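Two complexes come next, and they have one chain in common, subunit A, joined by subunit B in the first and subunit C in the second.
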Partner chain A sequence: MGGLLGMMLALPFFVLAGLCLPLFPLSIGINRFIQHLPKHAADRLAQPQAKALVLLVLPLLGAMLIGVGSWLAGDGGGWLLNAFAFWGGLTSLLYAFRLLSARDGQIWVGQLYTSALALVWVGVAHDVPPLLPALGLAASLLPLWFLLDGLTQRFGIARTGLYPGLALRMPRFAALFIVAVLVAVAVPFSPAFFAVADLAFGGIGANELLTLVPLSLAWLLWTWAGINLLAGIVFGEPRADLDYVDLDRRDVLMHGGGMVLLALFGLVLVEGIL
Partner chain B sequence: MPPGTAKPLADQLGRDLTLYDAADQLFGTRIGETLNELLIKGLMDFFDEGQSVWRMPGRRQGLFRAWANIARRNRRLKMRGLDVAAILDEADEPEAMIDLVMTRLGIPEQRWMDYFTVELSRLHGWAGFVRWRAQAGHYYWQQRNPADLVDYLAVRLVLALALLTDAGRRLKRDLRWEALLDFAATHPHECVLRRELNAGTVLPDFAHRIEVTLDSGDPARIDALYLDYEREKTTREACTRARRVQVMAAAAGFDRASLLARDEDALHQIIDGTYAAKAHEGMLWTRALERAHIRALLGQIDAAAEAQCSGAPASAQSGDATHDGPIGKVQALFCIDVRSERLRRHLEAVGDYETFGIAGFFGVPIAFVEFGKGHETALCPAVVTPKNVAVEMPHTQAKHAHSLFDLAHEVVHDLKNTVLAPYVTVEAVGLLFGFDMVGKTFAPRAYNTWRQRLETRKPPARLLFDKLSEDEALELVANLQDEMVLRAVERHFAVKREQLTSPMLRELRETALENRRGQTEFARRFGVDAAAEAVFIRSLQAEYRVNSDQARIQLEHLAKVGFRPKRQAQLIGAALRGIGLTAGFGRAVLVVGHGSTSENNPYESALDCGACGGDQGLVNARIFAAMANRREVRQLLKEQGITIPAETHFIPALHDTTTDEIHLADLDELPPAALTRVDRIREDLTAAGRLTAAERCRELGETDISGPDAAARRVKRHALDWTQVRPEWGLSKNASFVIGRRALTRTLNLNGRAFLHSYDYRVDPKGRLLETILTGPLIVAQWINLEHFFSVVDNEAFGSGSKVYHNIVGRFGVVTGNLSDLRTGLPAQTMLRGDRPYHQPMRLITVIEAPFGLVEDLLAKLYKPRELVQNGWIRLVVLDPETAQAQVYDPKHGEGDAWQPQPIRLPA
Partner chain C sequence: MAPFAAVLAYGLVLAMFCSALAVRISAARLGEGVARISVAASALTFALAVALFAWRLGQGGTELYGVGLGLFTLYVDALSTLMAVLVSAVGLVVHVFSVRYMQDDPAYTRFFVLLDAIIGVILLMVLAGDLLTLLLGWHLLGVCLYFLLNHDMRRPAANRYAFWTLFTHRVGDLPLLAAIALIYHAYGTLSLPAVFEAVAAAPDETALLGLPLAETIGFLILLAAFAKSAQFPLHTWLPYTMDGPTPVSALMHAGIVNAGGFLINRFAPVFVETQSVLLLAFAVGLITTIMGSLMMLMQSDIKKALGYSTMGQMGYMVMECGLGAFSLAIYHLIAHGVFKATLFLGSGAIIGNARKDPNIPEGEIYKFMVERKVPYPPLSWVVFAAITITVPLLIVFGAHQLVDEGFLHHQGALILLLFGWITGAQTLFFVYKIGGERPFTVLLYVALSFAAVILTYVIVGHAFDALLYPDPAFREALYRAASVNATTFALVLVLLIVLISAGWLVVFRSEAAQEPLTRRFRELHLRLYALLSREFYVADFYSRLGEQLLTASRRLNAWLRWV
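Moving on, here comes the complex of A and B:
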């Protein structure tokens, strides 16, 4: 395929992909979905496990749609992909900036998810296969997602500033939470880090400015937001009027095991980079 | 931290809460945090004592004016929306500014004092520092850059007004006094919910609902939610209380069933009683600790006396001081510091030593000018102001040139401190710092020994502590002036010393001092015309300060140097009588000051001698020993009834409390005969030091210590290890202060927890010596005790938290992280072992061995000690040797029954 017709046919696919690898304002939908609270017990789609599944499936779908769109656009679709990359970069920075003021756990994850997956477009414009980076970025949020759900079950809400000092009262949970936040904000050797590296190494040869500015700025803002999240939940003086119940051994093994699996997935990404 | 939200806002505003605290709680602004941040930055700039390279300009005008000058032009403040300049333009004086801000915020004048108190308590560390600076008129930086609490308050209030105005504009609300009170009165339910939400006390699962409801602004929904919330909060609080009481009951052996068997009123009473008791719980435990300690201490003293009476092992253990060893009896004067107790105990056990406890400045208050330093350091307790100066003077030619290592060190540090150079320096010499780090971390002992070899050592020096006669002072000033003239001649005319004669120099000096007029011989000899000569003389007067005014100032300074022989005898006599050492002198009397060695430790001075103003005690020990060794002084002492034999020599020493090494000083001053004893004394001191180190290693939780040798090596490593956050425990665990004969405690193991001041009531019938102890050493010991007390009961508020996060600020204090309140008190590593307190919070248990009547009379006479005792800041126990009774003072029993007697036997 290719030519003007090909590009016109590709455009809807890219736009649909923009729902899965969210581009603002298409990103509003996925953020609404993540923040949606269950109205009743039967509201299965609002359950954290279902949402986690959606978070993992959407990047696969997005990658597939991009694949179809790229095939349709053919070799002449470079400018179109560049435009989407620019759009993706801006979306990523916008959500990374908003992340700084997010206090609610679900909003936080939703915005980081949007900011991270929007970056995949930067790689797509420079012929980086989108599947592995998209999966790496999305999967890195899962440990944090489930731990925040644990906070919601304990305290009724996952939010910073309401029950500080978990490190003193729930040390096992706090340790896992710190690791999960670091993994989510793509600190080195997390799958998200390798995903970002994959996007950076793939794009840097083609266009340094378009690649490095959104990637590095977004990464910086994520880290800053991660520190804010930790400061409001893990550190500080615990409240005397709340009951803090730490994770039991089984939960620790389960969460820890999940993180080990993620680390193994990171190795797959390393192979992708190499 | 602002207080909780339990009380109504109207009651708390101005008493517990500032206006911006209220705004933060009601509208979720973060004015308090921003205000503290902006203020701290300004304070760090102003109070800097040489850490920063670019210093704040205009600091000599004082804190408020210097800050205002900068703030007027601060674009960052403007960009944040703070119109500080407009506020500052309305008043120049800090007092007027405070008045203006308070009026503009609408705070009623009768609430101002309360409001100021709340403001000052927000950053109590900084406010305390400013207050101290304002009172320390002699402090160099205060003289140079003055600041007081009025300045501080004015800066704080200006920022508060600017931030409140900006927040009000953004929120479209009036945030002044009346408006906030009005809001609280008209929206009571909304007010409670807002405060719960923003102050972090909300029930977490209600947070979202409250937020959404408040956003809706619907009064009916807000009122309905309030009722729900209040009911739920009350229920949960009741559940929490019931659960806690259940846990307590289970711990006391009552199961749940027996609790539930009681009627509702009884359960309410139990719960209310338990929570009411909680307010007094801390004091209850403190009193229990004190009581247990007093009982144990008195029991030990009584047991020792009994053992002595029965002639049993205790006396054998005591090591009878009357049996002289091969070097004869050696007496040793130690500081009263708790860390001396262990060393004294081991030294007495090792050899024929009789030890005494005395305040570590040995009764010689001096302002010391160290060689190479241009300022005076007060080496005496903070309650004393030294009137005499001692000067250190090298007795070998001081090298002016520094070693290559020192030069490189200086260059690297200068580069590090500049603004741009570090970016280059890191690349260029960063690796050197890497080597330094590896050496310090992995082989601290070997690496530090190697480094010390590279550094230039201070030349050996003697102390000038004799009063200069008028002729000597004049001669000294004249020599100084001649030196200046010489330098000036060389610089202006390139004329060397060998071309000049002494009369020429004298003539130039006298001309500069305006004691003569006319052409000088120098001008004639070197063809200097009259105009050039006049310029040179003016330069001598102005630039080189060879003038009559400067000479007068120099003479005034010199008049403060040293002590006259009579005063020296007076000081030595008072010190010796104070500890009861007026006869029976040994051939060697050690005068042991103390200090500490540690690396990378901003709290090092907290480990040094408190009686020497937080410095090492060696200088005082050297001066004391030198005075006591003087024939003229001994003659005068003899007239006072204290005869020191000619063969007695006082030897100064320094006890390093981190390594437990004792270094003897000024041995070159000893006659050869006395030197023969020194080796044996050194061996004994080393042995006692190692035993002390072994005992301390157990306290430090050190493992794998095979014996005293290994312990000595381990503590030495601690002193040199830059990663060591606890080089020693310092004065932690201090509990008691024993004022009495050594016989009272000689056989006791007090575990380094007692200040020991030697005192013999038998030589002090009028109580004058005891009065000195009660008004000096006791006060300092009580300060130390309470500093530890408060640092351990709330280490975050009154202590300084963990050392790990500390950063030095402005070379005068520490902050946590990069910006925080100035930390006061002691760090967690000094107070806690893990998360448990190491120091036990007890008030100082002061034990005085003296007739009860004498102590009562002194307390009636002395205001400060009486206040300490009667207001419960210290616990007093009087051991009356005449009635064989211990009188324990407890104000809890009421004025009439405060003294609780109990029988006790005292060692002879």
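Moving on, here comes the complex of A and C:
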């Protein structure tokens, strides 16, 4: 394929992919979905497990749609992909910046998900295969997603500043929570870290500034936001008027095992890079 | 079978990580006895590092070892083994000191887990044989430090300054990531020796916006080093991080801040191909040295004063790199690490003793500082000024001449000589200012001590040259990369010497006339004092900027309804 017709046909595929690898304002949909609370027991799609599945499936779908779109656009579609890369970079920065003030757990995850996945477009424009980085970035959010759900179950809401000092009252939970936040903000050895490296190494050949500016700034802002999240939940003086229930050994093993699996997936990504 | 050196190298990195794990697992059973595991692992690491260093000295050359992945390769050369010895030695001292210092601390186990982990990470970083492993170590160092500084989880101040530290370190990670991406794109490899070979083979490659690749990479590496080594204006995290336990301060000031100097040295084969980027290191290092030293003089808190002293020393270290004296910077960071660790670990006892007995022992310094009594010096100010200006100059010149007759050809060496001269003159001026009953004896002691320090510095500096950069042509090329136009340099140097000498003469004259400059220019002095006491408003500026960004983020989120 290729030519003007090819590009016209590719455009809807890219736009649809922009729903999965969210581009602002198409990203509003996925953020609404993540923030949607179940109104009744039968509202299965609003359950945390279902949402987690959606968070993992959307990048796969997005990568597939991009593959089709790229095939349709052919060799002449470079400028179209560059435009989407620019759009993706701006979306990533917009959501990373907004993430700084997010205090609610679900809003936090939604905005980080958008900021991270939008970065995949930066790589796509420069021939970086989108599947592994997209999966790596999405999967890195899952431990935090489930732990935030654990907070919601314990305290009715997952929000920073409401119940600080969990490290002193729920040490097991806090330890896992710290690791989960670090994994989410792309600290080594999380798959997100290697995904960021993959996008940087792959994208820089085509356009240094378009690749490095959004990647670097978004990564920096994620770190800031991650520290804010830790400061409001893990550190600080614990409240005396709450009941604290720490994780039992089985839960620790389950979450810890999941994170080890993620680290192994990270190593797979490294071998993909090298 | 794996080569002996590979076993040593991987052993010394893994020992600390295994120790962290063992401490965590055994905590419930051993209680505070877990420190024994940690100290033993630390001692083992030190022994392995020394063995590796000795092996490298015996064999010469460099070796790259891997585990079959693209990641976690280790590079055994003079720089990495020397740094491993320093890191493991400082780590061992800090471990031993912490056993009793941290006793009865509720987070005793967590402290040792993190201490082991951070030493392991630093060792991984200094021994890294590929750029991705280097980035991993560089990145994780900031993360581990964040949690160590947050040791007292209840204190908001500890949390705030730990955040500053991590954020600044992350700012330093970004240029390193960019440099690595550029290198990978240009040369298609992440292996350090392969990269150095490729840079030497094709030094004129271009990259970012058509700029020379070596220059661009050098610039990015310097930015990364500036953040980790607290260079102005990325220095604010260092003096404020005193809320962490004292052993962490010692580790940070004796080991972690040196990472910048290490990184610049690690990329020496890239810097040797640059034309002008080292001037940036010189300029930033110089500004940091002056600001750190000035702000150190303003502090009444001993630990904060030490913090600013570190900033000044790190500035000097980066400046040495900027002058092409790469190996001297390594010697400087080792010497600084040793004395700063001693000072930090001793600071707690000094504070404790001062609380018990606040009286300053009587003597000349007591009379000068407390009673403000300055005995009139027995010599005329002209003679003393002449001694102050000429004696240090003769010492630094003579010491260099003794070791390396060709030093006058290196612009960098001349600048360092200038700094040696200023330092010596400043010390002698203090002898004049403080007066005393036996000024000639004190003068002699100061001159002899200064001569011993300078001579040691020069001799050991040359030994480090031979160890780290044995090829004289490479050393020459490094000095050349840091040089400027010879005529301009000579003119600036002469002007500086005249200005500084004239400055000393004015200061001596005003002191002799009992009319200190601080009184004559009182208004200017007070303004400068106010500016320094607010530390040039740099930290205030960052705090304000951070608050405004958070407010803007909140407004944007409210406007977009948080979706």
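Couple of notes before you dig in:
One rule holds for everything that comes next: the second predicted complex is superposed on the first by the 274 of 274 C-alpha atoms of A that agree within 3 Å, B and C clash if a C-alpha of one lies under 4 Å from a C-alpha of the other, contacts with A are read in each partner's own complex, and residues count from 1 in each chain.
We take it that contacts are C-beta pairs under 8 Å (C-beta built on N, C-alpha and C of every residue); 3 or more make two chains touch, one makes a residue touch a chain.
A quick note: this is a predicted structure, and the numbers were derived from the prediction, not measured.
After superposition onto subunit A, partners subunit B and subunit C are found to clash with each other. In the superposition on chain A, A:I227 makes contact with subunit C only, while subunit B stays out of contact range. In the superposition on chain A, contact is made by A:R159 with subunit B only, not with subunit C. In the superposed model, A:L267 lies in contact with subunit C only, and not with subunit B. In the superposition on chain A, A:S101 makes contact with subunit C only, not with subunit B.
More residues of subunit A are touched by C (comparison of subunit B with subunit C).
Looking at the shared chain after the overlay, A:A167 reaches subunit C, while subunit B stays out of its contact range. Once the two complexes are overlaid on the shared chain, A:L11 sits clear of subunit B and of subunit C alike.
In the superposed model, A:L242 lies in contact with subunit B only, and not with subunit C. In the superposition on chain A, contact of A:V252 is made with neither subunit B nor subunit C. Shared contact residues on subunit A (touching subunit B in one structure, subunit C in the other): 104, 237. Within the complex formed with subunit A, the residues of subunit C that make contact are 69-71, 132, 135-136, 139-140, 143, 146-147, 150, 153-154, 156, 159, 163, 166-167, 170-171, 174, 177-178, 180-182, 184-185, 190, 207-209, 549-550, 552-554, 556-557, 560, 562-563. By the touch criterion given at the top, residues 27-28, 31-32, 35, 94, 97-102, 104, 107, 110, 165, 167-168, 178, 182, 187-189, 193, 196-197, 200-201, 204-205, 208-209, 211-212, 215-216, 219-220, 223-224, 227, 231, 234-237, 267, 270-271, 273-274 of subunit A touch subunit C in their complex.
Across the complex, subunit A meets subunit B through its residues 104, 155-157, 159, 161-164, 237, 239, 241-243.
By the touch criterion stated above, subunit B contacts subunit A in their complex at residues 200-208, 236-237, 240, 796.
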